[in-house]
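Take a look at these structures.
Consider the two complexes below, in which chain A is the common component and chain B and chain C are the respective partners.
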Partner chain A sequence: MEKLLRDKKAIAVFVLPAFILFTLILFVPICQSVYYSFCDYDALTSPKFVGLKNYQNLIVDDTMKIAVKNSLFFLIYSCVTQLVMGLILAGLLTNIEKGRNVFKNIIYLPCVLSSAALGLLWMFIFSPKLGINQILAKFGMQGPLWLMDIKGYITLPMWVIAFVALWQYVGQSMMLYMAQISGISKSLYEASYIDGCNKVKSFWHITLPLIKPMVGTAMSLNAIGSLKFFDLIFNMTEGGPNHKTEVLATHLYQQGFKYFKYGYASAIGTVLLILCLIMTFVINKLFQSENYEM
Partner chain B sequence: MKKKVLSILLTVAMTASLLAGCGSAGSGAANSGAADAGAADSAAADAGSTGDAAASGDVEEITWMFWDDLEATEDLISKGYKEVIDRFNQDYAGKYHVTPVTTNLEEYYTKLNALVASGEAPDVFIVSPGPNLTTYVEPGVAADLTPYLDADWKGSFSSDAVFAQQTYDGKIYAVPLNIAAACVFYNKEMFEEAGAAVPKTWDELIDACEKIKAKGHTPITISAGTAWCLSMLAGYLCDREGVDLKKIDSGEESWNNPKTLDAANKMIELSQYFQPTAAGDTNDVATAGLYNGEAAILIQGSWAIGQINGENPDFEQKCGVFQFPEIPGGNDPNRVIAKSDSLAMSATTKHPEASIALMKYFTDDTAQKYTAEVGGKIPVTNVQYDATKAPAQLADVMDIFSNASSTFGFYNESLFSTEAGSTFDDNMVAIYLGEKTPEQAFDDLDAWYAANKK
Partner chain C sequence: MNEKKKGKISIVKILIYAFFVIMSVIYLAPLLWVFSVSFKTNGEIFTDPFALPESLFIDNYVFSWTAGKLGIAMMNSFFVCVITLLLSMFLGSTVSFAIGRMKWKLSGFVMVYFMMGMMIPVHCVLIPLFTRFAKVGLSNNLWGLILPYLTFSLPTTIFIMTGFFKSLPNELVESACIDGCSIYQIFAQICLPLSKTGLFVTGLMTFVANWNELLLAMVFISDDTKKTLPVSLSKFVGPYNTNYSQMFAAIVIAIVPTIIVYCAFSNQIVEGLTAGAVKG
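Coming up: the complex of A and B.
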């Protein structure tokens, strides 16, 4: 086998299928989409080159401003909360003896369920006629319009959706951190206890530095996931009321598939792609660390 | 050596299977076409003894796209369409066969546009007249139906006027199936209880709302979550104020003018009587508010009759209908918003005869009779129907419609593009939500027109 892998032709043969597939279904469409972003294109007639016009329109588009604001809010909110909650849960679960697997499965379960179904479920829970507000009404309280309120810089529906997203995806961060934590040698902890550390201190001085690379990975995944976030929002509010919960992906969808403005939608897609690349780069820089022997 | 040969063989096999996968994805239509032909051949070969099987190879298969789930729906009009499809498939068994492609209303145009863009447009599809239809007429997606209509079909329609919204440069691109008029539905019991009279003018409407509110009921149920519902109210108010939409849309007048501002202020005045969740309620939720007895008034098109009576048959007798009230000193109060469901045929269909045959089934006497007697919509042909069988509300709607001096379309469907319509809707919702003053909203509309109207 090793001999075979030294043969350049053999390597090429192995790599070729994946390379062709990658090029055909990913690289070519991305390039096409970037080209369309400079065109007036409705998919029914052939694209007409218009230069930077789509990007100029993006700058003055009010919905785009809301979408960028919401996407950035979502990015910051989920990076911070998933990091904190994921770490806390991972720290707790690696330290309990009984029921670890049960809790792990319960917390991870929403990750494997369909976002569309969960979106509908939570929409019902927050619906004024069905869910939480009916329970509150039993105690004589009037709940807010969870998914319809429009007051504030970041509206209440955005906070609600961000909370649901945290609930759904925190299990994934937790699993990543747990995997990394369980790889840390017990002897390090034992040594720290002998030196007088308590559990909190050893978490701070041993666990955290050693899982730093994983924090970087989990955060990049998180950042990209939250920038291109679509399904929960589309199922819970469809970007409403009046575009107040629009994010980049829902705005792109509307422009492309509702108004046939594929050129403009491609421009939004290009902005989204660039944002994702920048975020990955920044996070990788922030969490660059040496790999310790564990 | 053996290992090397084996590994090379395996690699080749893997690569070939991957490429085969690519190939069939890339030229799916051609391949499946070939496969179909093959299947037909083998069917014919097998059919030495059974003639029927050979015939099944010649069945022309077409698709029909529609905005409701035919299996799950409670809507009576949709159920009627399902009957048409079943009847067509039964009558033409062995010759034509139609398969419905269904979505929900909100997703309909998204999915249709995606199919059109990928070159797989359905043979026949339902479409709203106005900019939606224009979207398909201009790039040549919808076929010209004039020759088929002129042949032997047009005579069965009640008048040429039913094609007004479907005609472009003298050519007809879609066939209307029914006409619905936008009216005001109300709960007779609630009105009686509150001692409110059926309002004829704006002040009487406010008075009725006030009385109903005093009794502890929600006066009006409306959806701002589904923007066109609120926009329909705004459209009625603008028209009653005497707004000339054609002049605004063509740029002769600006959106920001005293009449539109008056209309918007009236909408704000009326909004204090809306249910508290109107901002996010969808059309279905708002309509349910009326037939579940949560609110007294619903401003909706007569297409809602099928939904109301289908979901709560007991409500039919309690449900009254009146004409949208007059604004004294304003425009003609007998103008009515009318809308029709229309069928268009794909210009690229390989089966025009089958498609036309299907469309004729939608406008034949059986279907049109059902439209009136069960669905509660106004038929487009001269069919005789039994008025006593029709929903109670249809008689009122027919009254309003026959007394109408003229009709006009939805505001959002009467502007130059679908997006212009959505921009109008969004600004009306923004006024209702208090995000913008009427002046700001109409200034924004003027600015949008300046930037987007070519």
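Coming up: the complex of A and C.
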């Protein structure tokens, strides 16, 4: 038995195909990408090492500033709103019996749909000729240009897109919290009611501390998801108007595959990678906690 | 006193239900709207976007399916997703079996190596992969999509399947051992069939994620006959198209397959999502 489970040849047969694939398609390209970010490289030339030049260009690039600002806005917005809304939805849903599954499935539905298609759908909803502004017009109000406004530090289209992203993905956080809440033993709540807690109090003092590890998991999923956010923005505004809704991912796509500045785009990719790693690390540190007996 | 408390609770309950009914409307109204508009003629839309269609105008669907190339795109998506699904189930479960059940020194390291894939956004490998694939003839080729899709599906698959393999009872493997099974037989005939739920769940997640993927498909495929559904859709519904009802029909075509899959397997999808997060 022991011998069988330590069979080196079998382990190699089981692991190597996937390991090689993973190395070739993920690990090697990442190293290459980091190397390219120090190179002058476009569609016509081969990579030539130029040191930090791409990064120096990044610092003075106005669109990059907007992209970083928007990506960070997006990161913070989605972490906070998904946490709050996800907890509210999960907390309320675990308190009702009838219809729980129906509501749960309805709210989770957009998570599995193509964000490309949903982005187009919401673009129509917020377009001036159709959708919301037509409803407002019926009440004699003139709606704003939802996706074309360029005023403000964080422009209106960014808020609109962030709202749509919350609409689409809050189901995922809700689902994760619900799974964790349903694992908490009933006796804990009963004990707290005897001690005079009401539902809100017991949510605050029992549920929240016990689902803290899951908050960390859900939040790191959110953080990475919001940093690599692409589909919705690409289909709702394509980074416009006037690059005001550009985020890191769309900026990378534009630079890399519209202008074919591979070296420059790789530098953006490296920034994105570093942000993802930092966020994962920070969130893991923040939510590291001892595991309670549930 | 008791009665009063009961009355109070039911008011709270009513408020909760009211809240969820409003939420459901916010979630379903856009989807229902797109369905309703997709059956209208283009002229009908602008007279009143929110009225129900006067008659079911199917031509929108026919046009976007054929001229909009969504039919071909759906076949391509289907091909790519099914191949990726099968390969990732196979490769993922072999690795998970080795990590979850077998004993070797590097298993922890290999697990971390694969889990790295969860943190890394696909954008970071886009450029090196694009230039490399162009050299070896994998750009503009559906296999050039399958390879990265497979790679990025593996971490989740391995994560969930390792959990399943670890939870299998030891006695089973032991008795199979005594009966003279080889390690390959233990994997294929004992452990794999017992982890069917896990396989199914990871398969669904892989399928849905790849079905919706836009960025890689957009970069790697430029030939119209090889585009996948999200790419063809984004191209068909764009600033140059003025026929709104056809665009709405195209959106419906793109989301209906996943809605059907979701309605059929919503419980398993949810299970997969939570299994992936809880077991960690």
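Keep this in mind: the second predicted complex is superposed on the first by the 281 of 294 C-alpha atoms of A that agree within 3 Å, B and C clash if a C-alpha of one lies under 4 Å from a C-alpha of the other, contacts with A are read in each partner's own complex, and residues count from 1 in each chain.
The rule is simple: a contact is a pair of C-beta atoms (placed from the backbone, for glycine too) under 8 Å apart; a residue touches a chain by one contact, two chains touch by 3 or more.
The structure displayed is predicted, hence computed values, not measured ones.
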- Considering only touches as defined above, state whether A:Lys129 meets chain B (first), chain C (second), both or neither. both
- Using the touch definition from the top, say if A:Phe257 reaches chain B (first), chain C (second), both or neither. both
- Considering only touches as defined above, state whether A:Ser185 meets chain B (first), chain C (second), both or neither. neither
- Task: Please indicate which partner A:Asn242 is in contact with in the superposed arrangement: first for chain B, second for chain C, both, or neither.
- Result: first
- Message: A:Phe22 in the overlay: touching chain B, chain C, both, or neither? Say first, second, both or neither.
- Response: second
- Query: Touching A:Leu147 in the superposition: chain B (first), chain C (second), both, neither?
  - Reply: first
- Touched chain A residues, chain B compared with chain C: C
- State whether A:Leu277 touches chain B only (first), chain C only (second), both chains, or neither. second
- Classify the contacts of A:Ser114 with the two partner chains as first (chain B alone), second (chain C alone), both, or neither. second
- Message: Going by the contact rule set out at the top, does A:Thr45 touch chain B (first), chain C (second), both, or neither?
- Response: first
- Residues on chain A touched by both chain B and chain C 4, 10, 13-14, 17, 21, 129, 253, 257, 262
- Along chain C, where are the residues that touch chain A in the complex? 13, 16-17, 19-20, 23-24, 26-28, 30-31, 33-34, 45-46, 49-50, 91-92, 94-95, 97-99, 101-104, 110, 113-114, 116-132, 147-148, 150-152, 154, 158, 173-174, 177-178, 182-184, 186-187, 208, 211-212, 214-215, 219, 229-230, 233-234, 237, 244, 247-248, 251, 254-255, 258-259, 261-262, 266, 269-270, 273-274, 277-278, 280
- Give every residue of chain A touching chain B within the complex, in rising order. 4, 10, 13-14, 16-17, 20-21, 24, 42-45, 60, 128-129, 145, 147-148, 150, 237-238, 240-243, 253, 257-262
- Which positions of chain B touch chain A when the two form their complex? 4, 7-8, 11, 14-15, 18-19, 22, 106, 109-110, 113-114, 116-117, 135, 139, 141, 224-225, 227, 276-277, 279-280, 285, 417-419, 422, 426, 429-430, 433, 435, 451
- Task: Provide the residue numbers of chain A that touch chain C in the complex, in ascending order.
- Result: 1-2, 4-8, 10-11, 13-15, 17-19, 21-22, 25-30, 32-33, 36, 89, 92-93, 95-96, 99, 103-110, 112-118, 120-122, 124-125, 129-131, 134-135, 167, 172, 175-176, 179-180, 183, 214, 217-218, 221, 224, 227-228, 230-231, 234-235, 248-249, 252-253, 256-257, 262, 265-266, 269-270, 272-273, 276-277, 280
